[in-house]
Amino acid sequence: MKRIGVLDTTFARVDMGGIAADELKKTGTGFKIERSTVPGIKDLPVAAKKLLEERECDIVIALGMPGAQQIDKVCAHEASTGLIQVQLMTNKHVIEVFVHEDEAKSEKELAWLAERRAREHAVNAYNMLFRPEKLAKSAGKGLRQGFEDVGPAR
Amino acid sequence: MKRIGVLDTTFARVDMGGIAADELKKTGTGFKIERSTVPGIKDLPVAAKKLLEERECDIVIALGMPGAQQIDKVCAHEASTGLIQVQLMTNKHVIEVFVHEDEAKSEKELAWLAERRAREHAVNAYNMLFRPEKLAKSAGKGLRQGFEDVGPAR
Amino acid sequence: MKRIGVLDTTFARVDMGGIAADELKKTGTGFKIERSTVPGIKDLPVAAKKLLEERECDIVIALGMPGAQQIDKVCAHEASTGLIQVQLMTNKHVIEVFVHEDEAKSEKELAWLAERRAREHAVNAYNMLFRPEKLAKSAGKGLRQGFEDVGPAR
Amino acid sequence: MKRIGVLDTTFARVDMGGIAADELKKTGTGFKIERSTVPGIKDLPVAAKKLLEERECDIVIALGMPGAQQIDKVCAHEASTGLIQVQLMTNKHVIEVFVHEDEAKSEKELAWLAERRAREHAVNAYNMLFRPEKLAKSAGKGLRQGFEDVGPAR
Amino acid sequence: MKRIGVLDTTFARVDMGGIAADELKKTGTGFKIERSTVPGIKDLPVAAKKLLEERECDIVIALGMPGAQQIDKVCAHEASTGLIQVQLMTNKHVIEVFVHEDEAKSEKELAWLAERRAREHAVNAYNMLFRPEKLAKSAGKGLRQGFEDVGPAR
């Protein structure tokens, strides 16, 4: 049985981890979900590594919601850099699902965007683990998670 | 007995380490505090690593107060990047507690903010070590350390 | 038989991986192509490492298309940093082929640019593996991939 | 006998290494100084590592003077990042003593600032090695090296 | 017999590698030159590492010419970060010789600057390997490679 880590924060303003877990269950079977919650996005990298190494996950979905200020952008960059390092240290994928607060024009849109992006990336994580051929078929298709796909350039 | 490292700087303008240690003692038992002080935030990463590896801490709270100028922002970024690396090298959490001087409008507010953030993150560190279920229950709740929580997006 | 990894994304708006594979086949023989597709450019580093280590590639061509916004520029920087790390961890080359959406003035030019850059870098990858003397002869010649060569400074 | 590395550059416009060595000798005994000079600040990281590993230093003082232009700021950031990595690879402190050319309003002030910062950080390095309790007593005191201390926030 | 790696790119608009090799030969003896050419500056880090590890170089001179646009500045930063990492992984120096296209006002000045900087850094590399005391004597002297030395601050 494969294990999928679902990792989120108390800083985020939407229960992105709960949503991702829900979508995973709707998408398929053959895996167990391991949950972990940390305070903020800078705590995600080592928590992802611990899920992969200590709780034996095969992949991790790391969800966070950076704030709208410049300092938040820097934090997000640091967290992303760390999440890439984790992957290189473990040879396993960590799907980063960040929704920046200033991507949405209202709280309502923020909640909508966070849910949709979390769901779409949960499916990506499932595909990477169980059906990589699905990704191969969509190479270069201009897919997006959250907002609409932009499609191929013509 | 668990060990919690409390690491601070002589550069900071508030005794954030002393405050964090005080809050830890109020929060619970079952741990010993290891203290360390370095000149500035760029000295924090290796000092955190030494606390984790040489003084056998299970978690470290790294407290610092970056200045308000552009160069200070760069230093903070370098320190944060290093603190994330430390965690990935040790598979242990380091809770970064930075208060930027320009987050506050006066010295008085700066002292208030530094104390409150240090106290709230001390509790986070305790929770990560002793009661992770507390964090899990607050996933996606829009929590903040220092200023008011913003709460979930609706 | 050498192995060349061709790695692309579903985010890109042009089938850069397919184009690179096509060009490789036109360029020479003596190698097998290993394909992999991930959602976005931040997923490229570990996927490149897996191609090099688990699927025994001798070199990887990593193709992606960062968007035009500031956040996309940061993502590209993070991906690039990771791709360099992969190379240092494996002592093998990963040829990064990124086309930024705002490099082109229209969708049509974007498609043209992505194809041309992918083809020219596919030849570079082939040369690095099979005929390094070709590169040596072009040292300092002001070569570019995609747009016109600028040539030597005179 | 402890060993303290004093590492500087030919790029700097003040003999910061000589000054740091002088201050160390005035501050205490029980150590030997190992000197090394490199062209610029980007050469400092590996030189610091070699002092720690090949010449068996217990701590290194790395002194440099980044220029005033944007490119120099980037170089300083790269050097600092490298110096933090060195520390994490060796579990030893490297005290970075950088004076940015644009911190001073005149050549005379630049020379004054570089000397004072080098001297104060030489004492910091000595304290870290021989009397860490001195640093502990100054935690949160708003100390600065070079310009005046700002003191605690009240 | 020592080995000095001379590593350049096809992107550069001046044959900086050829110039550096020429200057090395004029400067002294007791070494063999190992040449390598890659497409762009982001390919330099792993190529430098391969020169140090697989072709047993004692030092590498890595020459490149970043373009004048913002994206080129980011590439240069990524390459520099990688080159510092290479040094920390090998405990050997890599002398980075970058000439940014916008450092010069004309193609002619660019060619002049690239040649002069390549020659002066070739001597630096030779000195680091064979006569480190030459560098020690110039500590804090405000030396520059390419444009005029600025000299000590007075």
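For clarity, chains are labelled A, B, C, D and E in written order, and residue numbers in each chain start from 1.
Quick note on the criterion: a residue touches a chain if its C-beta (ideal position, glycine included) is under 8 Å from a C-beta of that chain, and two chains touch if they have at least 3 such contacts.
Keep in mind that what you see is a predicted model, and the values were worked out from it rather than measured.
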| item | value |
| --- | --- |
| Both-way neighbours, i.e. chains that touch chain D and touch chain C | E |
| Contact-graph distance - origin chain A, target chain D | 2 |
| Fraction-based call for chain D against chain B, same above half, different below | different |
| Fitted rotation between chain A and its twin chain C in degrees, CA, nearest 5 | 70 |
| Distance from the mean Cα position of chain E to that of chain B, given in whole angstrom | 41 |
| Chain centre separation (chain A, chain B; CA means) in Å | 25 |
| Chain B residues counted as touching two or more neighbouring chains | 81, 85 |
| Contact graph of the chains (line, ring, star, complete, other) | ring |
| Chain order, ring traversed from chain B with chain D following | B, D, E, C, A |
| Residue ranges of chain A in contact with chain B within the complex | 8-18, 35-39, 42-43, 45-47, 49-50, 53-54, 71, 74-75, 78-79, 81-82, 85-86, 89, 107-108, 110-111, 114 |
| Residue numbers on chain D that touch chain B, as the complex places them | 73, 76-77, 80-81, 83-85, 87-88, 91-96, 100, 121, 124, 128, 132, 135-136, 138-145, 150-154 |
